[in-house]
Amino acid sequence: MKPRYALAGLLLATTTAGAALAQDSEVTIVLGEELDLVEPCMSTRSNIGRVILQNISETLTELDVRGDGGVQPRLAESWEETEDGTWRFHLREGVTFSDGSSFDAEDVKHSFERTQSDQNTCEISRYYEGIDMQFEVVDDLTLDITADPAQPIMPLLMTLLTIVPSETPMEFVREPVGTGPYVLSAWNPGQDIRLELRDDYWGETPEVTAATYVFRSDEAVRAAMVETGEADIAPSISVIEADDEALDHAYPNSETTYLRLDHSVAPMDDARVREALNLAIDREAFLGTILPEGAEIATAIVPPTTIGWNPDIEPWAFDPERATELLEEAEADGVPVDTQIRLIGRTGNFPGATEVYEAIAAMLTDVGFNIDLQMVEVAEHEQYYSKPFVTDGPVIVGAQHDNSRGDPVFSMFFKYDSEGRQSGISDEKVDDLIDRATAASGDERTALWSELFAYLHDEVIADGLLFHMVGFARVAEDIDFTPTIATNSQLQLAEIGLN
Amino acid sequence: MPDHLLEVRNLSVRFHTAQGVVNAVNDVSWHVDRGETLAILGESGSGKSVSSSAIMNLIDCPPGEIHSGEIWFDGKDLLTLSEEERRALNGKRIAMIFQDPLSHLNPVYTVGWQIAETVTAHGRPGQMARDRALELVRRVGIPNPEAALKKYPHQFSGGQRQRLMIAMALALKPDILIADEPTTALDVTVQAEVLTLLEELQAETGMGLVLITHDLGVVAESADRVVVMEGGKIVETGTPHEIYHAAKHPYTRKLIAAAPGQGEMRVPDETAEPILSCRNMKKSYGAFDALKGASFDLMAAETLAVVGESGSGKSTLARLILRLEEASGGEALWKGQDLLQMSPREMGKVRRQIQMVFQDPTQSLNPRMSVHDIISEAWVIHRDVLEKRRWRDRVVELLEQVGLEASHAGRYPHQFSGGQRQRIAIARALALEPDLIICDEAVSALDVSIQAQVIELLGRLRDELGIAFMFIAHDLPVVRDFADRVLVMKSGDIVEQGPVRRIFEDPREGYTQRLLAAGLDPDPEVQRQRREARLKLTA
Amino acid sequence: MQRMIGKRAISSLISLFGLIVLVFFLSRLTGDPSALFLPVDASEEMRQNFRELHGLNDPVLVQFGHYLGDLVRGDFGDSLRKARPALDVVLEAFVWTLQLAVITMTLVTVAAIVVGSVAAFKVGTKFDRVASLLSLIGASAPDFWIAIVAIVLFSVNLGWVPTSGTGSVWHWILPIAVLFIRPFGLILQVVRGSMLTALGSPYVKTARAKGVKNRPIIFVHTLRNAMLPVITVIGDQAAALLNGAVVVETIFGFPGVGKLMIDSILQRDFNVILAAIMVTALAIFLMNLLIDLAYALLDPRIRT
Amino acid sequence: MSATTAETTPAKPTPPAKRGYLGMLWADKFATFAAIFLIIVVFCALFGPLLLGDAASGQNLRARNAAPFTLERGFLYILGGDALGRPLLPRIVVAAQNTIMVAAGAVAASFLIGATLGLIAGYSRKILSEVIMRLADVIMSFPSLLLAVIVLYILEPSVGNLIIVLAITRIPIYLRTTRAEVLEVRERMFVQAAQVMGASTFRIVFRHILPVILPTLVTIATLDFAFVMLAESALSFLGIGIQPPEITWGLMVSQGRQYLTSAWWLAFWPGLVIILTTMSLNLLSSWMRVALDPTQRWRLEIGGKNA
């Protein structure tokens, strides 16, 4: 607690923040977005995952986001691919749920079936879409999972499946029960959520004994709260607020911003026009100005930490002259270059979104595009982003995509396959590559993804890739926590140290 | 050291107003002692109430400014005292009551509270205040006092409110009571009662009474000495008798001459045809019957006076004829057609022929319209009366006809005096060359001399243009000189009607007699006899 | 009185019904909740399933029929996002809003009346001019602007009060202070104007003639008469607060109905929107009744 | 003793507006300044985009959040630069057009519709006025934000549609005030006098009643001006309503909001302009109250020392 805060200290003693300050083994975490649900099977939604993933509900496996250890054991101690398409998981022994019941293969089976139920709208299920999975209980601690088509990345898929006891009803629950180190001890909608350490956790006991989550949608306030000691961690504050070396940590947040182009509508159907668009944008100019220094210019829709990310792809240079030439060529060939193109941005999509799109609009206009910028709210943005696309005139949709799961499979189908809901292209080779990569494993998989990225970026010129974004976390001095690429979607209290 | 209880010496007060600096009173001196009644007689604008406002420290400075003079009370010059010292005197040693008690009583507090406040405001305990309030309310003759204390001003009649005002003023037995037009706008009978009450109370407490009035009758009734004021100066002083019978100053004479009820009475033309004949007209608001079936005829070019006290239904009658309100029954035949049954269109045509002059010209003229607009509006509404280019000249004609100047056309109502405003209202009524003008208390808000002029004007118009008048008034003398026939109303009924002379010289109904008796005569002697007569009637 | 209340109740029921109809149908014109609830790359099956679960596949009229049916049974439906009864969600939030509104309006009323009355009594003086000026600035300054500056100043730099949130008494100071400004400005203006008129009325003269001191003349004789127009404005302002103070709630993380409303609208959480509207509308109706009672209390002429 | 003022017959009354409205304006110094400021604003609204349109939209990331009060970047940057290095001064000037269009449009529309409905409700038979009042209730309790979302979702966000939204939400204010005033004024004597003369309802309402209640409405309108500007900013802040590249003062404030801690001037200047505009309107309207009222006008005509 800062001394100048003493005056209010007395009164704060009663507040949650005060409590956090009083006992140092408790932390207060201020988040930007409130939780509507505390439902394990929704934990792939970042604002929910951030609170419950691996804190309340655990998964069989987890992805090592700090090192490059790949997929690590969690509730499963080991696994192997017994025959093609079938994986055997050996579960950890002596694990109990927070309700006292012990953890076994049945729970895993139930957890999966629950996500598939039509009596709820579990979000996890989308990752198993189009895959037919059979869970077969061999014995209490052994489980066979058969997938058709075969899933070479089954272990990775299991990092997403949160495990609930087999008694859990299909409907959404309000008191989640899990095997994690913490239990939900209080939930005051609109105000705070409190997790407390449980004494019978199977793993090693974390330092943090309790965590209180509070919600402030205003960036400035979140930053201020850590500064005043009302909160210990603000996992995401805007770069504008991140002005304190001592407190603020930049981290790649696994978000990638890009301009989605619909190739079916002129003039975007012409490769030269798409190239011109890419050449027209001075990406360097954004770094350290509107966007933080740490942001990287993107050559793929997934962050560099993802397998198959292709280091050889050259980012588009900034070359307005060339861009103008290309447009003129295209025009000469009768491409309706001067048609007005709507550039759709989403307000508050990321810090400085509006400025970014305003700047891009200006740059495009400079080289001769006829751009009409429209900033819209989330619902309207969705109308433009997903199929069926609006057809009246060409549209460029500025969007942000999050993939912290380490494998492109979670992105590529949706964004680039002819069937993909947000895909603006329809290209056999792309479809084929996606299919093969999805089915492949090991180096072959990596190679195929790399090929796909290069092909999309250089040949198809599928879209206008912009940046891999960085987020900023503000962490109080007496807290030892370094954010990772996954911090957006999960925040393990066990990884928080106190000094 | 002055030898009077209250003495005003060479007082001059100025006001900064719209029209620059006005000398409200100029070098005024007068005095009053215990037990005596001084009347300050004057018309509006004569500054008759300024000096008393100065005594009560009610003049806001600015815009007011006490330019010179002294006000001696009980050996002290009030003008040298501090605000606080003067506040301490107000209500305790010197009290004041006002005209129009309704607006001078606080509408949101019980009268009991307001009377008691006079006592508590001067540091007396609440209980004492309440007892005193009850005692006073009983004394000024309010029926069942206990209940009355808990009532609000709007729940009393005008006369009762004035009594309550008096009670409030006398709460601390002041040495001086200043009464500013205490009986104006009260019915004649009530007026008499209030004045009597004041005299009684004066006799009991021996206080000095300063009676500010515009009414010679009031002076004759109750003053020991009179101070006549005009244009902020005192023009004459003396006993009522001296003033009435041996007035030296021309203004005083003019005032006396203007007093109504002295002229020759008119004889109605029996051959005239009725233009308006009402039969059994009724109006009731829920359970209350405002008009219980009035039947009468109004002949062309004659003046029918409708007299009666407030609540007698005389105004209702007018409003029904003009369709400002819908009658509950009966008929009003205007040249054969029933006004009450007419469609709005037909009525619109007839409106040309029947016009009205309201009691309060200040309110009946739109403050945001110039005189020209006010008068010419008639022709805007009834296009066919006059083509546009002649409007300007016609307005001037009308203005001159009612005794105003052409230059007035460009001005706004607030720039005129009450009398002038009423003339504008009349000019507006004339603009449509109507056959009948209904005057609802058209002169009762005006000064005596102005009253006389307006009456005279109306008379002239009647004779020149042959316009018929329905003349609603509450005081009889005015009617006496002007009406052909009189119609006496009481609580919704016509109690008596007939030629003016018959009504005045040989009233048949007791009510009519009481009305006549209650009227105050400017001549002290006559008034003394009246008074005896009155007391006999009431006894 | 009872008849008055009865008539009011009926008329506002009519308005309320009209409101529900309007909101129900119009809000359904603003897009498909499933698109917002489910991730952008969710499959068509998931969407269908979602719509089935929440009966969004029926024709709108049918949906409305169901809704009214449930409503009659006191069931306001569930929140699409929170998977719990919409009414609970709304009431939780409304309690906060109500407290905030009541406290703020009480302070505003007292302050505005005192300052306004004195300003009117000292019309034209420095005090009067300054009061009017400040109130005017307050009434026209962007509130989120004030809010942030207040936090930076009083919480971060001076550390007097917590930045945001709920819990102790001290958490209320900033939100209330920020909410205070605009209504204070408006009501002060009205009080001043109304008092100016009232101070000119004859009964004030009477009081002075009775030797009543200045303070009682202002606060006893004049004020009560001047209150009627003021009360109307107070009512309007209070109503505005009961509808929730979006900006303040958003910035100070105050779980009020305003923020709830915004979120539900942006997320197309129809049941919550409707429930919130009905709750606030009811509250406002009750408050208007109070206002009428206050009229009658203040002015005996209205009673009879 | 106001009585004296009323009763004294003027010796030689000053003919109305003898010194003309300009003279009366000059008599009230505050109003004069207000008027001048507003004239400037209107000028900007009319010609701003023509004169400074390019300067206002010219981006220059090197001049990002440039601090105010230095001339090193030239006069246009005197108030500093915004997040994209666009000079604030010209932006404010250019934004005046949209801002005034939205505010004036919305206020005018709601004023006209509200007042008209109010007059009808106040002067017509029971049923009709009941219907109108219920309508007002509905609008009042209809969350303005929802309305905005609906309108701007179905139609697209544009100045015109924004005006519609804001106008609708403000109608009840004028409606209710007007009705209340009408109910009072219609009982005045001069209204009855007009009836007696056979004046049509239309004439009574517009010639006799409206002028009396107009000042009150005008005062409300001026205060509403600020309200609308701020409401508009709140809408853009929530992602609905006017969006870049269009600019309004409100939008500038809400965009500058996130920089309040690092670059205060982004939100401060537009905020200041909003405040100044409102205050000018308010001062001017209180002046107008006096100038339009024949019974008050003299205050200004005798040199404003009482004004």
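For reference, chains read A, B, C and D in written order, and residue numbers begin at 1 within each chain.
Basically, a contact is a pair of C-beta atoms (placed from the backbone, for glycine too) under 8 Å apart; a residue touches a chain by one contact, two chains touch by 3 or more.
Everything numeric here is computed off the predicted structure, so don't read it as measured data.
Shared contacts of chain A and chain D, meaning chains that touch the two of them, come down to C.
With centres taken as mean C-alpha coordinates, the chain found closest to the middle of all protein C-alpha atoms is C.
With centres computed as the average of Cα coordinates, no chain lies farther from chain C than B. Spacing of chain A relative to chain B, judged by their CA centroids, is 87 angstrom. Here the spacing of chain B and chain D, counted between their Cα centres, is 46 Å.
Centre-to-centre spacing of chain C and chain D amounts to 23 Å, using the average Cα coordinate of each chain. Distance between chain B and chain C, defined via averaged C-alpha coordinates, is recorded as 50 Å.
Contacts with at least two other chains are made by residues 58 of chain B. Chain D has residues 149, 153, 238-239, 260-261 in contact with two or more other chains. The set of chain A residues that touch two or more partner chains comprises 220, 377-380. An unclassified topology is adopted by the chain contact network, corresponding to no line, ring, star or complete arrangement. The complete set of chain-chain contacts reads A-C, A-D, B-C, B-D, C-D. Residues of chain D that touch chain A in their complex: 57, 59, 61, 64, 83-84, 149, 153, 156-157, 238-240, 243-245, 255, 258-262. Contacts from chain B toward chain C in the complex involve residues 56-58, 87-92, 95-96, 98, 100, 103-109, 117-118, 121-122, 152, 154-155, 165, 168-169. Against chain B, in their complex, chain C makes its touches with residues 201-203, 205-213, 216, 221, 224-225, 298-301, 304. Against chain D, in their complex, chain B makes its touches with residues 15-20, 22, 24, 44-45, 47, 49-50, 53, 58-60, 63-64, 322, 324, 347-349, 351-352, 354-356, 358, 360, 362-368, 370, 377-378, 380-382, 410-412, 414-418, 420, 425, 428, 432.
Remark: chain A residues 2, 4-8, 11-12, 14-18, 36-37, 39, 44-45, 118-121, 123, 125-126, 129, 171-172, 174, 188-191, 214-218, 220-221, 224-225, 227-228, 230, 377-380, 382-383, 385-386, 414, 420-422 touch chain C in the complex.
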